[in-house]
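Next come two complexes built around subunit A: one with subunit B, the other with subunit C.
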Partner chain A sequence: MLEVRELAFAGNEEGVSHRFAQGSITVVLGRNNSGKTWLARSIAGLEVSPPGTIWIDGQDVSALGARERKVGLVYQAFVNYPTLNVYRNIASPLIAAKRSREVIERTVRELAERLQIDALLRRFPDELSGGQQQRVAIARALAQGGKVLVMDEPLVNLDYKLREELELQLRDLLSTGELVVVYTTSDPKDAFKLGDHVLLLDDHRLLQSGAPLDVYRNPATITTADLMSDPGVNVVDTDTGLRPEHITLHRRSASDLVFESVLVGLETNGSESFLHCRWSEQDWVVKLSGMVDIALGTGLQLFAHQADVLRFGGARGGD
Partner chain B sequence: MVDPVDDRRKAHWSLYVYCVYLLLPLYWLVGMALKTNQDIVGKFEVVPGNPTLANFAEIFTNPVWYQAFGNSLTYVTINTILSVAVALPAAYAFSRYRFLGDRQLFFWLLTNRMAPPAVFLLPFFQLYSAVGLFDTSIAVAVAHCLFTVPLAVWILEGFMSSVPRELDEMAQVDGHSFGYFFFRLFIPVIRGGIGVTVFFCFMFSWVELLIARTLTASEAKPIVVVMTRTVSASGLDWGVLAAAGVLTIVPGLAVVWFVRRHLVRGFAMGRV
Partner chain C sequence: MIKGVSNNRAWLAVVPVVLVVAFSAVVPLMTVVNYSVQDIFDVDTRLFVGLDWYRETLRDPRFIDALLRQVTFSATVLVIEVPLGIWIARALPRDSRATSAFLILLAIPLLIPWNVVGTIWQIFARPDIGLLGVSVAALGISFNYTGSSVDAWITLILMDIWHWTSLVALLAFAGLASIPSPCYQAAMLDGASTWQVFRYVELPRLKSVLTIAVLLRVMDSLMIYTEPFVLTGGGPGNSTTFLSQYLTSMAVGQFDLGPAAAFSVLYFLLIVLLCWLFYTSVMRSEADG
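Moving on, here comes the complex of A and B:
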């Protein structure tokens, strides 16, 4: 079990407090410079003593350096020891812990198999593809045998296909029952794919936390709603909003809300289309499936269910 | 319009001319080393008519010559080891830590290289005589450190800074002690940089004449000094001098051969 209490970023009065449940993956979601990496590094012990405390298994580890903490870390950049082969790379934390040869051999082979890099053990990191390098880094982080694994945007530097593939495997790989996984990302899709819990950060502050779907349905503020939405949330007024995927061009029930707007932009990728509309001084995005063929400048009637309207009545509403 | 092929041919041609210009004195040196004194002063030949190895034999049998080589190699080796050993931790500090006056200190290290060695002759001579180190290899090695250590720090800092800091942090997260990280994980990564550093320390110390001559008298006299003093009753011994010159170039060539790949990287980083 991992807990951070009142962990505050330099200059912030309000700290981040959260309990990360054992055996679960918590996705930390935030934009660039929102404090994801800072939180990840703080948990790993790499930030110089931030105010606040960090507890692992009921023990305050705030005073311990990264060497003494049993926290695995996977960076966004693929960091491996370039002069060691894959086997020695994975074995690194075990060598540091002075494990016996047999234990090292067994653990490395077992982890390599789980991460499907058992055929590459004699290779060096620069002979591997990006995906394989990151697998090695993950294996090494797991080899530490700690109860906490921190992954700081581990898949960002991978190309799209590899990302999807590794993402699917990560879920099975990481739900071992006893590991606390902290996974930072800026992509809301990751929260749904991987997260048992999601933690939204902005400006090094905690915005909201909970199960991904709960947070998706009941965002406390417009910032929260925006973070969990791709593309961003359409603003109706200061405390109501509409998600792009909840707007249609056809009335589905008599009680639907109607918005008179003008089409100003259109983009499509074949399976989805994004309509950029202008509604009462606001720029809206409407997400539709398939392709649409409407001339720019056309007046559009947009419809939305009453129930889909987001009302930001949360504790921190109004900003 | 300029014909690109013609242009390139011109460029090649000038390169060949430049190479010949560079290599001609070297060729002449090797040629002289293989000739007798009579042939050297007596006639003009591009290719030695009756080549001889007598000059090299003289160097390998005459203690004045081979001891001088030994002396040079001794202080050059001490200097190189000392410089790298001192510069490694210093460069690491400059590369990884921010401390008060770090930039100023780093720049000051460089300014040491701006003073001509001659400036230090008198203090060195007086100082080493006073502490009884005069005419020893150690004196020359330590004196050369004044120039090679800043150079080594400068070069190594460049190589170290090109290694991502995440590597240091990863070693911490893995639980390695600093010593283990530095010697077992970090140094192997920058071994190319160490090679380049060794090369430059070696070359400085090997060709430096002024300090080496001032701090030695007879016991530790280095090869460059012996070469400038070899005038016998029968005049200059051209052939032997040329042979000594050839042999003086060999260690440098050997070091260049070992670090040739890393040298290019060092140049690319603007540190060399």
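Moving on, here comes the complex of A and C:
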């Protein structure tokens, strides 16, 4: 189990505290510069003594250096040893720890099989695709034998198709029961796909945490609602909002709210359409399935269920 | 049949380049090749001698000695300067204000004219007034680079290290600076030792700059002329006479144009051959992984 207590970024009074459950994947969600990488590096021991403490298995590791913490770290860039083949890349932490030949052999084969790179053991990193290189990096991080694996936006550099494929597999690969996985991303979809928990960060502060669906349903503030929404949340007034996917063009029940708006922009990708509407000085986005053919400048009546309206200022979602 | 008239006019575009290369490289080189197969008495009296001068040069014990000295010198400075340069580059602070100060300090020896470098060391190592010479003498060691060939060699090698290690260090530093920090962090998390970080993280990514550094040092050290000329004048005896100096004494001192030309061609081929051997071996090992 991993726990951070009052981990504060330089200049921040309020620190981040969170308990990362064993055998779970926690997705740390935030925009650029929100502190995702800072949190990842702090857990791995790469930040120079931030205030606050970090506990692994009930032991305070804050004073330990990165070498002693046994936290695996996977980067956005594909980091491997270019002159070593895949086998030796994965084996490198074991060799450094002076494990016996049998243990190394067994661990490497096991990890390679789990990450589906067992056919590539004799190859060199530059002979692999980006996805395969990242699998090698993950296997190497796991080979350290630590109980914490931190992944800092590991799939950002992969092309779209490969990212989808690896994302689907990651959940199975990483749920071994004893591993604590911290996965940072700026894409709310990752939280739903991978996360048992989601941790929302902004300005190096913890905004809200909880199960992804709970946070989605009960966002504490407009910022958290916005972070968990793609495209962002439509503002009704200072403490109410509406998600783009909850707005329709036709009335579904008598109690529906009605908004008179004007269509100012239209995007579509075939399966989904995004209507940019102007309602009372606000720019709204409406997400509809399928293609939409409406001329710009048309007045639109937008409908939403009362129950779908997000009310902020409520209590924070539970863990 | 396709008419090629319009195509041929394109050759006009390359004429300037061909002319410049011809006058700057091909013509002088061919002149030397021409001299090397003739015995020249004066402008109108010359005799074709074939490869005689080449045979004579290769049998000349003074040429062989100069060649051996040359290879020993180049190998010695290379073996010292490359590891030392890498060591300095690794020891330099990165991303701090001191970095640029160190880089400027490092660059100073490279900015000094070569004959000035020779003069500096000529004075620096003098046993009567030079700082180095006097200091060594004060330790009770007899040191005289004009009298002892060992001392002359030590002085020359020290001078070359002082002069050229910076080049290797600067190139290696540039190479190190381009290594992304995650590579270092990942190695640290893996528990890699300092040696392993150097061997598996840094060295593979330094390979191309080091290839350039070694190539430059091989070429330059094989052509060394000015500094030993100023420092020792090739002495004592002939103990620091390298190929270029022997060649000059032959061509300019004794006006043996034929043998000197043959010597020049051999000298040129030697440098090309050594550089080619080095480069292909590096490239081959790259292909092997």
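The rule is short, and it goes like this: the second predicted complex is superposed on the first by the 314 of 319 C-alpha atoms of A that agree within 3 Å, B and C clash if a C-alpha of one lies under 4 Å from a C-alpha of the other, contacts with A are read in each partner's own complex, and residues count from 1 in each chain.
Going forward, a residue touches a chain if its C-beta (ideal position, glycine included) is under 8 Å from a C-beta of that chain, and two chains touch if they have at least 3 such contacts.
In this text, all values refer to a predicted model and were calculated from it rather than measured experimentally.
In the three-chain model built by superposing on subunit A, subunit B clashes with subunit C. Of the two partner chains, subunit B and subunit C are each touched by A:V71.
Within the superposed three-chain model, A:A63 lies out of touch with both subunit B and subunit C [touch as defined at top]. By the touch criterion defined above, A:F124 reaches subunit C but does not reach subunit B.
When the two complexes are overlaid on their common chain A, residue A:V156 makes contact with neither subunit B nor subunit C. Legend: residue contacts after superposition of the two complexes on their common chain; A:A97 is shown touching both subunit B and subunit C. When both complexes are overlaid on chain A, the residue A:M291 reaches neither subunit B nor subunit C.
After overlaying the two complexes on the shared chain, residue contacts for A:Y81 are found with subunit B and with subunit C alike.
Comparing the two complexes, residues 44, 46, 66-67, 71-73, 75, 77, 79, 81-84, 92-93, 96-97, 140-141, 144 of subunit A contact subunit B in one case and subunit C in the other.
Taken together, the subunit A residues at the contact with subunit B in this complex read 44-46, 65-68, 71-73, 75, 77, 79, 81-84, 92-93, 96-97, 140-141, 144.
Subunit C contributes residues 180, 182-183, 185-193, 196, 200-201, 203-205, 289 to its touches with subunit A in the complex.
The residues of subunit A lying in touch with subunit C in their complex are 44, 46, 66-67, 71-73, 75, 77, 79, 81-84, 92-93, 96-97, 124, 137, 140-141, 144.
Those residues of subunit B lying in contact with subunit A across their complex are 164, 166-167, 169-177, 180, 185, 188-189.
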